[in-house]
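Labels for the chains are A, B, C and D, by order of writing; each one numbers its residues from 1.
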Amino acid sequence: MLEVRNLTKRFGALLASDGIDFDVREGETHAVIGPNGAGKTTFISQLAGNLVPDAGRIVFAGEDITRLSAPRRARKGLGRSFQITSVYPEFTALENVALAVQAQSGHSFRLWRPARSDRSLIEPARKVLNDVGLSSREGVLAANLAHGEQRQLEVAMALATTPRLLLLDEPMAGMGIEESQRMIDFLGSLKRSRITMVLVEHDMDAVFRLADRISVLVYGRVAATDVPDKIRRNDEVRRAYLGEDA
Amino acid sequence: MQRARLAPFFMTLILFFEQLLNGVQLGVMLFLMAAGLTLVLGIMNLVNLAHGSLYMVGAYLTIAAAQWTGSYWLGVLLGLAGALVVGMIVEVVTLRALYARDHLDQVLATFGLILFFNELVAMIWGRASLYSSLPAWLQGHVELLPGSIYPVYRLVIIAVGLAVAALLWYVVTRTRLGMLIRAGASNRTMVAALGVNIRLLYTVVFGFGAALAGLAGLMAGPIYSVQPGMGELILIQVFVVIVIGGIGSIRGALVGALIVGIVDTLGRAFLKPLLGSVISPPAAEAAGPALASMLIYLLMAVVLAVRPAGLFPARG
Amino acid sequence: MLSRRLVLWSVFVVLLLALPPVVVALGQPFYIDLVRRIMIFAIAAVSLNLILGYGGMVSFGHAAYLGIGAYAAGILAFYGLASGWLHFGAAIAASALVALAIGSVSIRTSGVYFIMITLAFTQMLYYLGISLALFGGDDGMRLKTRSRFPLLDLGDSLHFYYLVLVLLVAAVYLTHRIVSSRFGMVLRAAKSNEARSRAIGFSPYAYRLLAFTIAGAMGGLAGALLANHTNYLTPDFMHWTRSGEIMFMVILGGMGTAAGPVAGAFALLFVEELLARWTEHWQVILGPLLILSVIFFKRGLAGMFYKPDA
Amino acid sequence: MIKPILAGVLAASVAFSPMAAAQQQAAAQQQKLKIGFITTMSGPQGIIGKHMKDSVELALEHLGGKVGGLPVEIVYGDDQTKPDVGVQLANDMIKRDQVDIMAGIIWSNVMMAVVPVVTGAGKIMVGTNAGASPLAGNQCNELYFSTSWNNDQSPEAMGKFLQDSGVKDLYVLAPNYQAGKDMVAGLKRYYKGNIVDEVYTKLGQQDYQAEITQLRAKNPKAVFAFYPGGMGVQFVRQYHQAGLRERIPLYTVFTVDETTLPAIKEAAVGQYEARFWSPDMDTPASKKYVGDFRKKFGYTPSFYGAQSYEGVLLIDSAVKAVKGNVKDTKAMVSALRKADYDSIRGRYQFNVNHHPIQSFYLLKAVKGGQDGAEMKIEKKIFDHHKDAYYQECRMKW
């Protein structure tokens, strides 16, 4: 599904991505963990197309997308959520999702018919909102949603683009325990429906519950990639990461 | 023989040199304006259309003070101090409320300031151009090279401008204030995190920029026309300078100002004859001046098309 | 909510429809011309609002299209072509083309750079206008013949007034349709959160460029109307302070609202008119008024009546 | 949601209308004369408007507050140098204030835009400065009069003088706009010698050092320039600072006058101008005007003021001739055509295009006066000079 080879990105003297090799298989949930400053955000930005790598290749569904812009990647089926909540605050929850549906439909140079009454946008959007459990809040401005709801909305927007691969950048960031729990349950249901996901997350509980495989990023390198149990026992990982955290 | 053949070449060379000097002089004036504007824009993220008004205020206050005290130098001193004070008052009374707003609100409000200052100056001093005097020794001209006579005053402008540039370089790179300024231009939250009194820093920087604009204004007085609205004549060019140079960068302002000054001057001097050798002279006659007046805007469009954040972007 | 809005707009339109007979009856026909001029600027402001209020593009060069529209009509009239369809068609097409060209370069930049580059392009057009000796250069020229339409005489104050009114309503309605269409949603979304838009697959550039072009075309229409209104055109139509004025109408009235630019045009031009009658130093009052309005009416005049859900 | 305000504004505008109408009715009973006077009062060019307005006030004082024996009200309007604002003002004055006659206007483009509005409403326009050539030629109008001159007459005079004094190599500078080109065209109509170069600078340009450097390199025998307003202040001072004053004589039109002298001062000494009038003109009317003006306002009037002063006198003479029956436009026009008043330039006649046939003089700036320099008449260049366009005017009278 996604194949990354020798991805390298430099900021001045800092080597933020140091020859990363990384694979995601169809249908798996692949988590990326690593200590602060390990280069997770740089890595995901390059996957999403917001940063251009200095060297290396990114192949998505058999196609080299290394040089494609973020919107082009999104249209090819690479959905993402942001670490810092990123919704359209002046739009209602339903409109937020409808925009994502519209992005996928590819018919956005229609200037006359009101989008608000366009059933081909509204109905799929309602469905996704229902899936993430925000149905009752569809008419509320995104700015007025609770933080957890905004995160859910963000995932809903990513889902509404019917992605083949979902990049989730710390979906639990800033959430309370209860909210996190709900989000984990929701991601679990996504996982069961065999949606391919790359999950960057600090919440180890979530990572070990959800991930099929885990890659550990240390100093811009992939220190290890393996199933959760093996990662848990991997000495290098413990030294570099878990030990530090514990 | 040899001499006779070389003479026209030397003449052209001298002419070119003199025009270059003219360009530098214009550039230096633009720099004095641009330095303050680019700092305010870079640090406070404030689009200040009224920067030209401070230039005007500097020119008027200097004339008024010189008349009142009878001394040119006291006039200069009071004019500078006046511009500084007016700038700080403007900052505290109106602009402070606008930092958190978007550029649009700032453009609107500072345009309001322009209207206010222009009309206020007209009410106090009338709408006619004012005469601004100079000490006798500044009024003469010197022969720089054989056949090349240059007004002393313009040489003084160049000297003052370059001195200010050097001083700014020193302040920005070698002092604590400069460190804060540089930090502020690239990362505002960091400066706040350092526990610096941001309000005070802003007021100081704004006053500083106002004084520089006032300096430009008072130096412009004796060669340009001191009249209400004089600031807007130069303001747009100054915006071109800082946009070409890159917002928030003093170095960019200097380089941008010199480029704009030289391009504008050389364009006015040599574009028509140059065009005349390519297209027919009557066509050059028509196109030359039109093109010369558009030249700096063209330059800016090209620079931005290639480098959307100017030559020396201060941020990231 | 929607229907209430519709009622208010209807009241507004009816008032404007009723204005001419009322002021004529009161022996004050001059108000027809004043309101007509205001409505022409309101069309320009409505067009700017599309890119500024809904698209987040702070164009400081919108007067360019006023000028191009005026010159398109003026130049055709100069060569003896009087057809209004031709005048207005050319005005719209020419300004759309120029907007397309300016936009394609400018939209690559953002923030202050965008403000300044749009200003720079307009300055270039301004100096171009000054150097067009054939068309009067800086002096400008008289519109040789007013735009001619079947059944419609723009020389007639009333005919012209109602034409402008119809076009203003059309411009407001068109803008309303555009901003609530799929296209408009993308445009507004890109203003609201560009990173998010890119992440779900929109490249804002093309949408912004099209909006910029449409706004330019509408501005050109206002320009052709203005040329007919003054019966005269000059490069001054493209002066940067004119761009500023149009911008202020939008901000004063309230950006990104349908009524804002119209309200702003009426307010600014009425206030100007009243102050100018009162004292020659009107700018010393208008200046602080603008500042106060910025500081205290954060959402413009429309914001005084319109409570956001927040 | 904005409609309430708009409704309010409209209601207010309608509300104060009947009052205005009532006032007008009262005015008609009093047999009051209303003159609309458009000029530029705001912005940097407002200085010219001030000269004009002060002169109108002085004229009213000289006429005992009455024009043609009628009590008078002057409605002033500020065109902000914009033609469209001028049109708006003219409309306001005619339709709302219901003025009987219009006067003023500094700028050719404003005049070109306003004249059709005024004449279209059947009113008379007395221009007191702008001298657009089409209005003297094929667009001349029965209802349009000028107390000034045509734009290119002054440069014609200067061209004649330069030609007669045998200047061989002339360097020409003007701003790149229509009036600039008109001036140069006027110059060339009478000056037939060599023109070294013709340079057109950006309108509103401030710094002329580059042009002055180029000019000196060409070493001409004389320089002709046209730089009105602030541009003139800058150009003349920079010319002086560059040390060229003593080397190459500078001949200008509409560049050094009483509105700019206070800012140029001694830098103007030695300057030549061509004009139809100067404050030192030796006619009784001129002496009275200049003397009383200085006394009343404390500064020296300019030709802008003189023409506006005359505008009021001209209207006064015509209103007297028709015995206050201003509505009789035909009679008014015939009366205006006589120019039956004491002109500051001495008695003159109108040409068929309603522009004065008048003399032009060479003026030189000399030391003296309250500004350190003042204009003095050196010699007469043209006697009874007609503009170049009157033959294109098909008016018969």
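Structure notes:
Going forward, contacts are C-beta pairs under 8 Å (C-beta built on N, C-alpha and C of every residue); 3 or more make two chains touch, one makes a residue touch a chain.
Everything quoted here is computed from the prediction, not taken from an experiment.
Both chain A and chain C are touched by no common chain. The chain with its Cα centroid farthest from the Cα centroid of chain D is A. Taking the mean of all protein C-alpha atoms as the reference point, the chain centroid lying nearest to it belongs to C.
Annotation: 32 Å between the Cα-based centres of chain B and chain C.
In terms of their C-alpha centroids, the spacing between chain A and chain D amounts to 73 Å.
Chain B and chain D have CA centres that are 35 Å apart.
Mean C-alpha positions place chain A and chain B at a centre distance of 49 Å. Contacts with at least two other chains are made by residues 42, 46, 176, 202-203 of chain D.
Multi-chain contact residues of chain B (touching two or more other chains) are listed as 118-119, 122, 289-290, 293. Counting only residues that touch two or more partner chains, chain A has none. Of all possible chain pairs, those that touch are A-C, B-C, B-D, C-D. Across the complex, chain B is touched by residues 52, 58, 60, 105, 108-113, 115-117, 119-121, 123-124, 127-128, 130-131, 133, 240, 244, 247-248, 251-252, 255, 281-284, 286-291, 294-295, 298 of chain C. Against chain C, the residues of chain A that register as touching in their complex are 48, 50, 69-72, 74-75, 79-80, 82, 86-91, 95, 98-100, 102-104, 107-116, 118, 121, 141, 143-144, 157-158, 160-161.
Contact residues on chain C toward chain D in their complex (touch as defined above): 5, 8-9, 11-12, 15, 19, 22-23, 26-31, 33-34, 37, 127, 130-131, 133, 136-142, 226, 229-232, 234, 236-237, 253-254, 257, 259-260, 262-263, 266-267, 270, 276, 280-283, 301-302, 305-306. Contacts from chain C toward chain A in the complex involve residues 177-178, 180-186, 188-189, 192-193, 195-203, 207, 210, 309-310. The touching residues of chain D, counted against chain B in their complex, run 42-47, 49-50, 176, 198-204, 206-207, 209-211, 213-214, 216-217, 229-231, 233-234, 237-238, 241-243, 259-260, 262-265, 371.
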